[in-house]
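Have a look at the structure that comes next, please.
Chain IDs A, B and C follow the sequence of writing; residue 1 opens each chain.
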Amino acid sequence: MSHHMTEVKDLHYVYPDGHKAVNGISFKIHHGESVGIIGANGAGKSTLLMLLMGVLFPCQGEVLVGEVLVTKKTLPGIRQRMGMVFQDPDDQLFMTTVYDDVAFGPRNYNLEEKEVEKRVLQALEMVGILHLKDRAPFKLSGGEKRAAAIASVLSLQPDILVMDEPTSALDPKSRRRLMKLLDSFEHTKIITSHDLDMVYELCDRSIVIKDGEIAADGPTSKILVDADLMDACGLEIPLALQNCPVCGRKK
Amino acid sequence: MKTSEAGLNTTFDMRLLDDMARKETVIHRVHPLVKLVTTVIYLTVVVSFGSYEIIGLLPLLFYPVLVITLAELPIRPILKRMLLAAPFVIGIGILNPVFDHQVFVVGGLTLSRGWITFFSIVLKCILTVSAALLLIASTGMDKLASALRMLKIPRLFVLQLLLTYRYISVLMEEVTRILRAYSMRAPQQKGIHPKVWGSLTGQLILRTFERAQRVYQAMCLRGFTGEYNTGAHERITVRDTVYLVVWGLFFALARIYNIPMLIGSLLTGVV
Amino acid sequence: MHMADALISPVVGGTMWAATAGAAAYSIKKVKNEMDENKIPLMGVMGAFIFAAQMINFTIPGTGSSGHLGGGLLLAILLGPYAGFLTMAAVLTIQALFFADGGLLALGCNIFNLGFFSCFIAYPLIYKLIIAKGYTRKRIWGAGMLSAIIGLQLGAFGVVLETLLSGKTELPFGTFVALMQPIHLAIGVVEGLVVAAVVSFVWKQRPEIIEKAALGQPMGSLSIKKVLTGLAIAAVLFGGIFSWFASANPDGLEWSMFRTAGVEELEAPDGIHETLAKLQEKTAFLPDYGFKAPETASEPAAKDGEAAAEESEAWPAVSGGTSTAGIVGGVLTLAFAALIGFAVSLVKKKKPDLTA
């Protein structure tokens, strides 16, 4: 399954104002893996995702998706295989109804309207908001918006799902529902988040970023429990792993 | 004068109209293009009446009355909108009785031409405003956009129109938050002080540019290349055609014959 | 200030629609040529911004006066004239549909008054001329103020002309102008101050936004001339064709009917109004629509008056008996309309009970 591999080689990115956001990052992500990318505010996580998606182009180094180099030319093909869910669903739900929004991607690839409909309904079914299909996005709750944003990406049937802070601003129930949903996907998942408990539950592997560089890369079960490492990178051990506040015993 | 309250009202009204448009009634099921064309014909007919016409316009009331009841639309919010739209028209209209003092006497009644013009304008205002609101309340923005596409209005404009519609509520919320934060720290002021006109509005613009950039990225990631593909259009059925023809005929009749006058003459025996 | 459907005639509405459609089509071509699809979401979201910004109440302390952002000029400065015009068109379309501001037939007028004048006259001919030597703080203030005021003055004059040519309201031209222009001078000053403040801020923070909009849009004198000639031809053609129709069906003759069909006229004794009437007589544009009704037109109108029963136009001119008939018929029509509405909603309300 090497054709679904995502590879990043010695990636560098400097913003136009001279700020070095990514400084030599390299990693390989295999098909079906779910990877959490964590790090303090401003560590460069969102920038890294933008580079993966070909929204930004690296100053140095390269991104390979399924052994294809990401360039302006290969972009259309690659984007069909990678779906990205934005941090703010309002940026992503730009059409007037949920249905039209989920159909936006497939229609751009000039699929038959029948096929479009099939995919839209399938995607909405998957995230459990089929009943909202004729709603206007501005009338959805935060959790429903997030689900719709995910559906709008799923309708393109990507192999790789990239998400920037999917659980931010969700109430506990919506967060739980979303995590269940994400857990059920067999896609390759790349998730950035400050919600370390979610990363702990969902991702087998974690990459810790600090100042645009990889500080650690390995199994989540090893990385997230390493108190010194987490502290050095401006993070904390997930609450679920911390000492119980009531009895002081380690769970 | 609009305040942040008005902003909430705007978003509220848009939600309300959107809710209305999602109903399933005979009127809602009529093809959006047919509804648009019917509305335009209706408006043209209303507006073509002269400035002293009142009685002849009355039969045209049937259109909004029938549409509003058949589409099961609530009357109150539509009336409210109508009142909000009225001031300019009434302002211009009220100048007629002020400037036009010519009077004539009919059947013992002394009527001022200015007042007749005024009432004619008010009646036209009621008819045209309700027709426009009923169109959107029974169709919805997305379907109306597909009607515009069928009329060969360029994709670029239709997409841009939809985006504007979509982001009104998002930006309204942003402004409401800013204004609330501002008024909390400047409770004595009625509006925004000139010192911060530039920075307050300018910040908002910069944020808007950033948001537009993100929206653009989200669109690109889903294969957007500058073309906007709407789905397949609904077909115009026989029923839709009948709807258009029947209303068209009625409007034409109302325009050519003064129907109330004919009825009245029959009843009172004056020919 | 928005033109309303209730105040315009089909001819004026149609002509302005044609002119606006021409300008919009040309703008779309221009925006497409730039091949900057990045601009489409920007135009969309900026349109929404205008809506939101109109909520902000800009007050001038001590004067009690305040204003709101109109939008056309600011959009032209930030997006360039073509994209700015299209964005303004979208904003006004949504206002007409959802808030009944203006109306669908008057939409052409409104886009022209509020979009065309600021994007294609005030922006290129005044703002850009002053800014041509490069952006400075002073020039931004001068250019912003001047072009906002002139753009709004032109727009207000557009409202006056469109209203008068429509002939649905009988205001004297001079009075109308004397009313509209000063109001819009005040509005223009506030708008200019806001635009200048905002542009200065954005220019300081992100100069590339403003300079790019100005640069990327070659507005040679040739192209604007082309637009204007194209529009003028379209307007003349449209106006010509429509007035030919209009004259075939004498619509604006009610005035003369009054004079001749035996209706008593009582001149108001008020001196001011007489002078106003005289002033208006001098300034009347279309004699058919004003006081200066031609004598010849009154002949057929007089005959019409006798046949008034079946002639809808002539109601004000009919005898006492027929006017009673009109009132009776009118009341009946109203009652019938109300009855139908009531009956339909009753049936509608019953239906769920039957099916349940």
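Keep this in mind: a residue touches a chain if its C-beta (ideal position, glycine included) is under 8 Å from a C-beta of that chain, and two chains touch if they have at least 3 such contacts.
Predicted model, so just to flag it, every value in this text is computed and none were measured.
Of the two chain pairs examined here, A-B and B-C, the one linked by more C-beta pairs in contact is B-C.
Of all chains present, the one whose mean CA position sits nearest the global mean of protein CA atoms is B.
For the pair chain A and chain C, the distance between C-alpha centroids works out to 49 Å. Centres computed as Cα averages put chain A at a distance of 42 Å from chain B. We define each chain's centre as the mean of its Cα atoms; on that basis chain B and chain C are separated by 15 Å.
In chain B, 14, 141, 162-163, 165-167, 170, 211, 215, 219, 224-225 are the positions where the chain touches two or more neighbouring chains simultaneously. Taken residue by residue, chain A touches two or more other chains at 94, whereas all remaining positions touch fewer.
Under the contact definition stated at the top, the residues of chain C that touch 2 or more other chains are 41, 44. Across the complex, chain A meets chain B through its residues 50, 53, 55, 76, 79-80, 82-84, 86, 88, 90-97, 100, 103-105, 107-110, 113, 116, 134, 136-139, 152-153, 156.
Within the complex formed with chain B, the residues of chain C that make contact are 1-2, 4-10, 13, 24-25, 28, 31-32, 35, 37-38, 40-49, 51-61, 66, 68-69, 78, 86-87, 89-91, 93-94, 96-101, 103-105, 163, 167-172, 175, 193-194, 197-198, 200-202, 205-206, 209, 251-252, 254, 258, 263-268, 270, 273, 276, 309-313, 315-316, 318-330, 332-334, 337-338, 340-341, 344-345, 348. If you check the complex, the residues on chain B that touch chain A are 11, 14-15, 18, 22, 140-142, 145, 162-163, 165-167, 169-170, 211, 214-215, 217-225, 227, 229-232.
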